[in-house]
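Each of the two complexes below includes chain A, the first together with chain B, the second together with chain C.
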Partner chain A sequence: MTTATITAELSVAKDFSETPGPRCRKDGEFSGEGFLERHLEPAYLKARDEDGVLLIDLDGTAGYATSFLEEAFGGLARRYPRENVGERLEFKSDDEAYLVDDIRTYVREANDK
Partner chain B sequence: MKWSSRIAWFLAGVAVCLLVLLLIRFQLNWEFKITDFLQVVVTVIIAILIQKFATETYSDKRVAKNLLIARTDETISYLQDAHKIFLDCIKDGLVSKENNTAILSLTKNINNSIKRLEHGLKKCRMKAPSFDAVKGNRLDYNRALTGGGFPSQPYTVVIFTEENEIYNTLSADLESMRYEINNW
Partner chain C sequence: MEFLDKMGRQFSRKHSVEIDLSATNSMTSDAITVLVSHLKDGRFTHGRPYRGNTPANEKLKTQFTESGFFKYVMSAHKPKNPEHGSIRARSKFKVDSRMALELIVLATKKLYNKYVKQGSVYKTLLECMNNTWDHAAGGKAQRERWWASVYYDDEAQKASFTFVDNGVGIFESRDPSVLHDALVKLRVKSNTEMLRKMLRKEIPSITEIPYRGRGIPSIYDCFLRGEIENLIVITNDVYANVKSDKFRTLNRPFRGTFFYWEVSK
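Moving on, here comes the complex of A and B:
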C-alpha cells in the first residue's frame, strides 16, 4: 500500500449516479465508459499529478453490474499502467464489502484480456 | 445461577437430609476421617464444575451453529431468487428494468451474506471446507449474471450454460456447508 496522501475524492452516487448502468455509452445511461471518461480518468490524473491517491466512495448506489465496474476500472488499467492504477486508487465501500476486492481483480486482470 | 445460591441450595439439601435422618431416628456413625470429608468436598466441586462447563459449552456452540446455518439458508434463498429471475430474463429474451434492479440487488445480497458467513466462521473459529469453494465461485457468479453486455444485451446460450453450472456448484457447496456447520 502506498504512503501517499489522499488528494482527490470521487463519490459514484453523488458525482455520477445512484443507479450506475451498463458497460458502454451506446447501451444506455450512466455507463461505465461514461464514468471512466468524465469522472474517473480526470480524477485519477489529478491524483497522479499531485503524487497523491484518489479515494472513491462506492456507497449509496442501487448496486453495480460487473460490466460497469470492469469497463470503468479495468478500462482505466488498460489506458494506464495497472500497477500505478492499483496504487493510486483507494476505495470506501461499507454497503458491499467484497466490492473493493472485486475491483482490484478487474484492475489486475485488465491487461490480460 | 450464582455460586453462592448454588452452595446455599446444596447446604440446604444436606440439612434436610440430616433432619430426615434424625426424624426417623437413624443411627449415624459420626466417626469419620478428615480425608473422607475432603474427598466428598472435592467430588462435589468437580461435579458442579463439569456440569457448568458442559452446559455452557454445548449451549454456546448450538447457538453459534444455528446462527451460521441461518446465514447459509439466507444465502441459498438469495441465490435461488437470482437464478429464478435469470431464467425469466432468458425466457423473455431481455433484461427488463425491473429485473435489472432485482438482479443488482440480489447479487449485492448474495455477496453480503457470504461476507457475513465468512465473518461468523472466523468469529466461531470454525472451519467449513466448502466455504472456500463458495467464496471462490462468488465472483464468477456475479460475472455470469451482470458481466458481458448486462443489462442492455440479452443473456446468450454461453452465459446460460455458465450461470447454470456455477449456480449448481454454489448451491451444492452451500448445502454441504450446512452439514459441515451442523456436524461441527
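Moving on, here comes the complex of A and C:
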C-alpha cells in the first residue's frame, strides 16, 4: 500500500470494454494485450511520471477471464519493475472483491517460470 | 455417451441415421447441446445424412424447442426466438466475450427478471472458450469449434450452462511424452488424479508456463465460492462430478472436453 496521491484513473468498462475478452488479440476482441498497450501502460507511465498512483476501476464489466487480467497486469509487471507496478496501482472492485488479490498475485508472480 | 457411441458407429460404417426420440421421456439440456455438437461435426457424421422425430412427451418436446436445438437441424419445429434457452457455436473468434454476456443476460432475465452480473459464469465461459484453443486442437493450428448453451428450467428455477468441444480433450492435447513425464514427475497415476490436481491448482498447466496455468483452477474457485453449482467436467477418460467429489475413469472415453454447471437464485 502506498501513501502517494491518486493522479490517474482508468475504468475498464468505460474506457475499454464492458466485455473484457481473452489474453491476446489473436484470440478475440477486447484482449488483455490490447488493454495493456492502449490503456494500462500509458496510464501507468503517467502516474509514475507524476509520482502518483493509478486507480483502476474494475466494476461495471460482465466479468474477467484470468488470462485477461494476467496478461494486462502481469504483463505490465514483465515490462516494468514489479515492485514499482505494485506500488503504483490501486483498485476498485466492489462487484468482485477477490479480483484485487488475484491481480496482486499476477503482478508478484509475473516473471516466475 | 453410449447413445452417441452407437450413432457414431453407424456413421462410421457410412450408414445414414434415423434418430428416434419418440419414446424418450427426458433428456437434460447438456445432452441436447452435446447431441447438436456431434450432429454438426462432419468428423462424427462422416458427411452421412441423418433425420429424426420429436419426442412424444410434451414437456421434452417443448424443451427441445425452447433450447434452440431446432436452429441447427432442419425441422418444422424451428422457432424464431426460443425464450428459455440458446445454443451457440463458435463463430468468428476463439473467445467470444459478447456471446458469453448474451447467454448470461438470457439466464438472469429468466432468474431475476433483469440482467444481473454473474462474474463467475462469465469467467467460466471464457476459460472454457480459451481452453479449446489451447488444448482442443492438439497443439495444431486447427481451430476447434465449440458449443455453448444455456437453458432455463421453470420448474427447478435454475439456469444450466453447457460448454462442449469435440477436439482432442485436455489429456491428448500435447505430446504424449510430455504428459507421461508430467505424470511420472508428479507421481500421478491416472488422468483422473491429474484433473483433480489441475482443478486444485496443485500442478502447473500442461503448457508448462506457471502463469498460464490458472484457467481451470479459476473455474474451480468459482465453484468453491458457490457462484456456480453442480460443476461437472468430462474430458478423455475422466468424469468429474466436482460437487460430490466423484472422479472416475470412463470405459468409453469422450473425444473432447465438456463442462456443465448451474446457477440458481
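Some observations on this one:
Please note the rule applied: the second predicted complex is superposed on the first by the 113 of 113 C-alpha atoms of A that agree within 3 Å, B and C clash if a C-alpha of one lies under 4 Å from a C-alpha of the other, contacts with A are read in each partner's own complex, and residues count from 1 in each chain.
The rule is short, and it goes like this: contacts are C-beta pairs under 8 Å (C-beta built on N, C-alpha and C of every residue); 3 or more make two chains touch, one makes a residue touch a chain.
Just so you know, these numbers come straight off a predicted model, no measurement behind them.
Superposition of the two structures on chain A shows chain C clashing with chain B.
Within the superposed three-chain arrangement, the count of touched residues of chain A is higher for C, of the candidates chain B and chain C. When both complexes are overlaid on chain A, the residue A:65 reaches chain B and chain C alike. Looking at the shared chain after the overlay, A:74 reaches chain C, while chain B stays out of its contact range. Judged by the touch definition given at the top, the superposed model places A:109 against chain C, while chain B stays out of reach. Of the two partner chains placed by the overlay, chain B and chain C both lie in contact with A:95.
Within the superposed three-chain model, A:30 lies in touch with chain C and out of touch with chain B [touch as defined at top]. Residue overlap on chain A between its contacts with chain B in one complex and with chain C in the other: 21-23, 27-28, 62-67, 70, 95-96, 98. Listing the residues of chain C that touch chain A in their complex gives 93-98, 100-101, 104, 117-123, 126-127, 129-130, 133, 209-212, 214-215, 218, 225.
By the touch criterion given at the top, residues 101, 104-105, 107-108, 111-112, 114-115, 138-139, 142-143, 145-153 of chain B touch chain A in their complex. Remark: chain A residues 17-23, 26-30, 62-68, 70, 74, 95-96, 98, 106, 109-110, 112-113 touch chain C in the complex.
Looking at the complex, you find that chain A touches chain B at residues 21-23, 27-28, 62-67, 70, 95-99, 102, 105.
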